[in-house]
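First chain A sits with chain B, and in the next complex the same chain sits with chain C.
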Partner chain A sequence: MSLLNRTAGALYRRPRLRLSLLLTAPLLWLAVLYLGSLSVLFVSAFWTTNSFTSEVVKVWSTDNFHELFTVPVYRQVILRSIGVALSVTVLCAVIAFPLAFYTARVAKPSRRPLLVVAILTPLWASYLVKVYAWRLILSQGGLADWMLKPFGLSGPGFGLPAAVLTLTYLWLPYMVLPIHTALEQLPANLLDASADLGARAGRTFRSVVLPMVLPSVAAGSIFTFSLSLGDYITVQIVGGKTQLIGNLVYSNIELNLPMAAALGTVPVVVIVVYLLAMRRTGALSSL
Partner chain B sequence: MRLTRTLQVTACAAVLLAATACGSSDSSSSGGGLNPPDLKAQSKLGKSEGEVNLIAWAGYVEDGSNDPKVNWVSDFEKQTGCQVNSKVAASSDEMVKLMKTGEYDAVSASGDASLRLIASGDAAPVNTSLVPNYKDIFPDLKLQAWNSVKGKAYGIPHGRGANLLMYNTQKVTPAPTSWAAVFDDASKYKGHVTAYDSPIYIADAALYLKATKPELKIKDPYALDQTQFDAAVALLKKQNADIGEYWSDYLKEISAFKSGDSVVGTTWQVIANLTADEGAKIKAFVPKEGSTGWSDTWMISAKAKHPNCAYKWLNWIVSPKVNAQVAEYFGEAPANAKACEETSDKNFCTTYHAADTAYWKNIAFWNTPIAQCLDGRTDVKCVPYAKWVQAWTEIKG
Partner chain C sequence: MEGIAIRLRDLRKSFGETTAVAGVDLEIRDGEFFSMLGPSGSGKTTVLRMIAGFESPTGGTIELAGQDVTGLAPFERDVHTVFQDYALFPHMTVEQNVAYGLKVRKVPKSERLVRARTALAEVRLEGYGTRRPAQLSGGQRQRVALARALVGRPSVLLLDEPLGALDLKLREQMQVELKALQREVGITFVFVTHDQEEALTMSDRIAVFNQGRIEQIGTPAEVYERPATPFVASFVGTSNLLAGESAQRIVGTAGTYSIRPEKIRVLKDSAGTDEPDHESAAGTVAEVVYLGDSTRFLVDLDAGGQLTALQQNLETSAEDVAAYRGSRVLLQWHRRHTVHVPDPR
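Coming up: the complex of A and B.
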């Protein structure tokens, strides 16, 4: 019997060995590279730097976290970032729902795949190209100004609203897709039953459609929320002078790595809290 | 040509960005009382070692791999037999770290890294008589605070540039003459003022206060005691209300001035040229208070394994023809006076004020703010760069 056959036989007889051989590589990846880097991030947040050379000094101290909670500018920026992430999420949900309803239930079934592709096309273009396009749209005398001029208004210019608007555009497909899927799977007979029982469209929406689709909205919101919370490039390009957490991390990374790490743990904590909250809606099972 | 210019500005932006994102303090050193380890400069050149390891800003050591037309390394290799291995550093911090490894022979350090390298003994004094082209370097670049200690040269000047005030000639009237346009009078252009996004910009505010608030007694914008520093920070916080956006990316600034989102603010000569080329109605100049600027220096490692090749490189990079090439590619004023005859654009040196001594007199070149005041005061402590970084975050809010 060849070595290959014998090995195969041994593996067949020992399911545990088989399993451990199969899982070692991915588990190592998860534990060492993924969780490992996260924990290094967390641990290094407790170190300090040599102020002359900017080299990391491995001495335990909680100064960075103390600063994080006591310096007003950090608190402000953290709250602003969470605010941006929440508003992007709400805007995405509000825009995505009717859009997904159309693509999943109103449009002709033969056209639906095409519409889904159309929703996905922006994801094929480079992130930077899209954000710079928005910079042109929102700049003075740009498309936004030109369109609002007949109404005596002007565009928002660069700033926080511009950043929220651009992020909403960027992450919208991530919200549309889960809602589209949920609406598509909604059994038609439930809607019929609701109508048979005398419910009007509004009532059907509130009592039948919304409860069934809500977990998908929550699932989409996990994408939009976490992607917005971590973004720092969009806000640099269209955000005017606005700073978000990502910008603070970026500005500290060269000179004060431990402070950057301390700032970096903030979005991690916020997102863990957000995920726990979303788990209660059942969103994680509809991802 | 288009690509060349883009590269040149990218390099420029990268360098300047990086140049400011560094520096820190050390209580044991200062421009006045800096006591570097007593190292000896090489007295004569020996045989070539066959290779040389360089740390450089992007765009300083080009061997044609980025753009086949931009190449001043191959000829050096042919003439000297020294193979060039170069490492592009993204920041002054990275340069300092790389120099500490002892694996590199020479570095193109900006004013905020050079002092640290000298103080820590990583950079050796340079025997300028071994660099024949040194005699043609503009005198006002020789033996300055950022490239020498007590009259001993630690490097060969490479090039320099100033931070200018740029304004939209149609929207900003009357034409400004002072930095007041972006400070005390900034509210006139609320939401359309721009400023350089880096802690080193605090020095620009200090420079303005030096002229307008004599009671603060600011002598050097990089040596600020707590009171002077607080005044500069307060001025910048006030300015923040009128800022449309801060820029650190040259593309962003060009597009903002083209569209009118920014109408007044700081810039570099090369960005001003590009913005004007794209059709924007702008002007850029040094206001009456003077300005801040940068100046880079080639330094030799104290642990250099290939010092002879390193000296040959120093001489090569400031030789008239090569210095002209680098300066034009990068968008800065060359250090070698004879380089001005070698530029492909005959007006290049005039545009960049290369030989204009009076122009550079008004420029306060970037330096590392450290706790011991660089202006020689001993009765107070100055605010170190780490605190500048923190304050910058707070200014932006």
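Coming up: the complex of A and C.
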């Protein structure tokens, strides 16, 4: 008991020692495994391969990046991937906003926790299960076709739109949650004050609600954007022949590891740029 | 020629089972500084919110300048509100906050800017226009909220405990400024507060609220000197009531009577100089509270009950008054300060 007390007392009097004891393990994890693997990725992107044996040749060269920007296929795939990530983000935002508005401000307060749980439930199911469910929905003669048939339409089939749709479904909760929280925390008297000063509902929405919730939309978009940019399984299952960056990385890993590494740095760079852009909206402080 | 700015007729509001406002009739005159005073939960803020239009009444009507506005939305009423926690828009600068009401009403940008700056000057905040509310102190935010509500020159300004969050010094300073500002702009102010001193110092008239009803409406002097009910007597100023047996023995007739503590003189011994037209009561000092500028004596009366007397420390200091504890005294006050308080309905 007294030893425990003395240890506790010693730690209490030495806040730096306490802090370093607490943080050593997680910091090691971060430095070695996380940043370490990132630097290996970055360094190996500058190596090349022996085209006969597919063995990595550790010779410094920028050929991979040169290829990345000059070969049309690579450029297309990179732009397509960014386009998919952006469309998924925009779709998520458009769907999530009214949804979150309902769960945070319209629904009865007693029901709100239940609705939040309902939004979160899809996250409990396995990623693959959900994507295969969408494969069934979108397959020929599947649910999508069947539902659109009365209107003389058919489902999108497998391809780029299907991939965007499925990714939107997958990442939607990550967009709803921050917006829900922001709307819920929006002080009611700000809305009163706006009405008091003569603003109708639409005006209050544009001038008060939207600007105050925008950082949270940006925060949600960080999730949807980076998750979409890194995904390569969904597009394999519902994307038909569509190729995204992830697929190119995957197919290069066996044959040309340095090229795969070079391709892998692209989303990292894009996401860093995206994060820097979002930081200006105040999104990082509302995560 | 004085018009009526606000007229409330049998105004009622219930939230489910609870009745917040149980029938309020009230007329507030043009250009008046009118206070609604009462403890928390007495319904004063709910009445204010109904005048602003944030709550719709369960019953009764609200008229603004003779026009029935009971069913109108807040943005259709010529009334602006200063909120308890100011409710400034955090994502806008001070200037944008102040100009918001003008922008909504499509006042041209150049005029908007001039008027916002003038309003900020009125509350002595020139040069703060480009700051954000988060960069201001509590008192400054308070002024921004005032400027924002006043810039559109509403016919009525509603203030919901606007000084509640400020410290004492700042509050006293703002009381003076607010009163001066009201005289300057000539707008009707409806001021909600639970602080009786604030209501007494600032108001032209006061309505004292209790349990969703108005107990008394009157000038500060009327409310203080002639409380209409025991509740008003105890809520406004220090509770000092004589009732039942002790009232019978001291005043001579049964009933409830209020005597303000500062009207009572504390005489050292019970020798008692019989002054004409004075009431007197003998008792023992139970407690002495030294307040710096004055001393409060709690005296157990021989006739039963307790009275509080407040004496200026003209000659006395802390040690002198402490010696009174436990000693016999005679309390004396002029008969006209014995105020009969009608018992509640």
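Here is the rule we go by: the second predicted complex is superposed on the first by the 265 of 287 C-alpha atoms of A that agree within 3 Å, B and C clash if a C-alpha of one lies under 4 Å from a C-alpha of the other, contacts with A are read in each partner's own complex, and residues count from 1 in each chain.
To be clear about the criterion, contacts are C-beta pairs under 8 Å (C-beta built on N, C-alpha and C of every residue); 3 or more make two chains touch, one makes a residue touch a chain.
Treat the numbers as computed from the prediction; the structure is a model and nothing was measured.
Annotation: superposed three-chain arrangement on chain A; chain B versus chain C shows no clash, the two fitting side by side.
Contacts of A:Pro211 after superposition on the shared chain: chain C is touched, whereas chain B is not.
Applying the stated contact rule after C-alpha superposition, one finds that A:Leu190 touches chain C and leaves chain B untouched.
Residue contacts after overlaying the shared chain place A:Val73 against chain B, while chain C stays out of touching range. In the overlay built on the shared chain, the residue A:Ala199 is in contact with chain C alone; chain B does not reach it.
Shared-chain residue A:Asn64: touches no atom of chain B or chain C. In the superposition on chain A, no contact is made by A:Thr234 with either chain B or chain C. Superposition on chain A places chain B within reach of chain C only down to 46 Å, the least C-alpha distance between them.
On the side of chain C, the complex with chain A involves touching residues 52-54, 73-75, 79-81, 83, 85, 87-91, 100-101, 104-105, 148-149, 152. Within the complex formed with chain B, the chain A residues making contact are 49-55, 71, 73, 76, 135-136, 139-142, 157-158, 236-237, 239-241, 243, 248, 251-252, 254-256.
Residues of chain A that touch chain C in their complex: 187, 189-190, 192-200, 203, 207-208, 211-212. Chain B contributes residues 21-22, 24-26, 91, 93-94, 96-97, 116, 120, 191, 240, 243-246, 248-249, 252, 255-256, 259-261, 384, 386, 389, 392-394, 396-397 to its touches with chain A in the complex.
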